[in-house]
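Please find the structures below.
Shared between the two complexes below is chain A, which has chain B as its partner in the first and chain C in the second.
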Partner chain A sequence: MGEVEKMKKEAEGLKTQIEAARKAVHDTDMAAAAAGLASAPRVQLKTRRTLKGHLAKIYAMHWSTDNRLMVSASQDGKLIIWDSHSGNKINAVPLKSSWVMTCAYAPSGNLVASGGLDNMCTVYNLKTPVVKIVKELDAHTGYLSCARFLSYAEILTASGDTTCALWDIETGKQKTVFLNHIGDCMCLALSSDMNTFVSGACDSLAKLWDVRDGQCKQIFQGHTSDINAISVTSQNTSDSCSTEKRQKRASHAVSSFKSASSLMLIFTNITIMANINFFPIGNAFITGSDDCTCKMYDIRSDQEVIGYQDAQLNSGVTSLALSMSGRLIFAGYDDFNCNIWDSLKGEKIGVLSGHDNRVSCTGVPADGMCVCTGSWDSFLKIWN
Partner chain B sequence: MARDMSDAEIMKMELDQLQKEVKNTREPVSNSAKEICEWVETQSAEDPLIKGVPEDKNPFKDKGGCIIT
Partner chain C sequence: SSKMAGSNNLINARRTVQQLRVEASIERIKVSKASADLMRYCGEHAKYDPLLMGIPASENPFKEKKPCTIL
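Moving on to the complex of A and B:
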């Protein structure tokens, strides 16, 4: 038997053992455990603000930790910093590349970052008289699908080159590379203590990583298609950004494409995945996928504990956000709606309708006072 | 990057990972689920999107027009 064949056999054996171990602890599931709880009330949220200003599809948004400012990224080649209370635009940052897929606000509020098909993560200082580029983090060999600051000094990125990376912003170098996915990494979410993060990828797997030692601790499967969104509910803001849908083969094509016009075609035809969100208590995370379902995975029992799906829903999930307690999941779909799920009972309890195109990103600020949805219709809406 | 790795290298990476993970301890779902439910229940009481936001405390309340008395 060849080397690879031998390894395959051993791997199959180990997978069987792991599945057996998971089954052995599967003495209930979340819906059963939550059976005794009162149903979450029917949630009817109103649009309080419609933020107009972008001239093309919005791909991502992220709340500042001050619960008031937020950044959004659009195919019109701009980042806009909004004051959500007044609805005013504070900054409009022109991007060198309009093929942006993600944006992030640093916890301190001084920096924002963006990235996309330029394969780079660009960090900007908002506090200089004119917004300036602090650093261009350039080492990924594939598109940047997601970025999240740990602090003003460090940022985590997920890339179409199948790796995630932890960067030192000052030196512009990668401190740690997280290498284990075999498909494009589409989303990531940090735990509130910032010691671990989860990533979702085109290989339909979610992986839990130790930020400091670079090791993959656990791998979760269950989705039957690309994981688009991943959410760790925590004391941090939970959010998601959406990108274009794609086949694994297409993803290879995008990373190696050179001509701008070809990039444009792909950019408008592919659905990217949203991010992955940790649950507030930190022991679980939520994922959303192209397979039209969301799932909650429990870290300690190492498995899926509940799924959120509806026979009538046949559009992919683009984005996810969790309410402050984690009880409500706001999931954006390709069908222009954002559905609200009871995270414990698995029931759909509301819907946010109002966008005229795909909901590409959602986010709840840390104080939980509202939910923001961003769409390909170029608008952001604030609901509560 | 995974794309530059040979099949053998990818297989080795998967195998190494599985060998690590098979050693992980796994807790019963009932324990975890119970803890999550309890935590969420206590937090729900203060969750603005569940209990609602009173008009006067809502920073996003609809900006009113002028009232002429």
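Moving on to the complex of A and C:
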């Protein structure tokens, strides 16, 4: 038997072993374990602010750690920094490329970053008299789907080129490249201790990585569609795609975007996990997918522990955020709503209705005082 | 060349096996324990969760303030 054949056999054996090990600890699921728990109260939140200013679809938003400022990114080619309390715009940063897919606020509040179909992550300094570009991080060979700062010195990116990367902002170089996904990486979420992060991709898998050594520690499956959203909670405010398929998808992405039809269209063809967030305690994370469901995975059990789905819900999940205790999940959907789920019991307990188009992004600030939704209708809403 | 393809296949196969070995070696805890820990966390932090508990108007920075008239 050739060596490749031997390796394939060993791989199959190991996969069987892993499945058996997961089954062996699957003595219940979260919903059953939480059966005796009182239901979360029905949550009715009011729109407190409607932030108007963008002239086109909003694709991303991110809260500052000060719980007051936030950055949003729109196809109108701008980043806007908002004071959520007053509703005022603090900055409007013009982008070199309007095909933006992500934005991020640095923990210090001095920097923001954005990126998209330009394949780059651009870092801006907000504190200079005029907002200046600090660095253009240029090494990805595919679109930038997500970026998150570890500090003013380091940033993590996820890309359509199927890799994630940790960058040194000062030198502009990649310190570590995370190679393992087979499909476009759509989202990432950093654990609160910043030692690990989870990524979701077009291969419908979520992967847990060690930030420092670049190792993929665990791989989670379960979605039948791409993961669009991944939430590691608290902080934030979450088998093969052939090269040919990927190239087709990437070019479809460019043409869809440029013809102003939905960016999300490219994602609906290829089940994606498009959003991902950690649970506050860092032992678990939530994912949202094109398959219209969200799921919670526990890292120490190495498997899905509960799913959030409803027979009547047949639009994809675009974005996710968790309340401070982790009990509430705010999930944005293609059907213009943001549904509120009880994370432990798996019940839908509320809905945020008010947008006139797809909810593309959601975020809860660190102090948990509100939830922000951003939409293709060009508005952001603050609810509590 | 087919030799290149051959050695690439081998490299990929080795990498796959290495990765799976790492994953197969981790300790897994029972889902009942994992669930209990998550439930405990939520329970302990519920009272600090403004969106779960509700926010009194006086403490809500987003509540519209009534206009003041200076006489």
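In this text, the second predicted complex is superposed on the first by the 336 of 384 C-alpha atoms of A that agree within 3 Å, B and C clash if a C-alpha of one lies under 4 Å from a C-alpha of the other, contacts with A are read in each partner's own complex, and residues count from 1 in each chain.
Rule of thumb we're sticking to: a residue touches a chain if its C-beta (ideal position, glycine included) is under 8 Å from a C-beta of that chain, and two chains touch if they have at least 3 such contacts.
Predicted, not measured: the structure shown is a model, and the values here were computed from it.
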item	value
Partner chain in contact with A:Val359 - chain B first, chain C second, else both or neither	neither
First (chain B), second (chain C), both or neither touched by A:Ile81	neither
First, second, both or neither for A:Gln218, with chain B first and chain C second	both
Partner chain(s) touched by A:Leu344 [first = chain B, second = chain C, both, neither]	both
Which of chain B and chain C A:Arg300 touches, first, second, both or neither	both
First, second, both or neither for A:Asp29, with chain B first and chain C second	both
Contact residues of chain A, present in both the chain B and the chain C interface	3-4, 7-8, 10-11, 14-15, 17-18, 21-22, 24-30, 33-34, 37, 40-41, 43, 45, 48-49, 68, 84-85, 180, 215-219, 279-281, 283-284, 298, 300-303, 305, 323-328, 343-344, 364, 367-371, 382, 384
Touching residues on chain A, where the partner in the complex is chain C	3-4, 7-8, 10-11, 14-15, 17-18, 21-22, 24-30, 33-34, 37, 40-41, 43, 45, 48-49, 68, 84-85, 180, 215-219, 279-281, 283-284, 298, 300-303, 305, 323-328, 343-344, 364, 367-371, 382, 384
Touching residues on chain A, where the partner in the complex is chain B	3-4, 7-8, 10-11, 14-15, 17-18, 21-22, 24-30, 32-34, 37, 40-41, 43, 45, 48-49, 68, 84-85, 141-142, 161-163, 179-183, 215-219, 252, 255, 279-281, 283-284, 298-303, 305, 323-328, 343-344, 364, 367-371, 382, 384
Residues on chain B engaged by chain A in the complex (per definition of touch)	1-3, 7-8, 10-15, 17-22, 24, 26-37, 39-41, 43-44, 46-50, 53, 58-62
Chain C residues touching chain A - in the complex, by the definition given at the top	9-10, 13-14, 16-17, 19-24, 26-39, 41-42, 45-46, 48-52, 55, 60-64
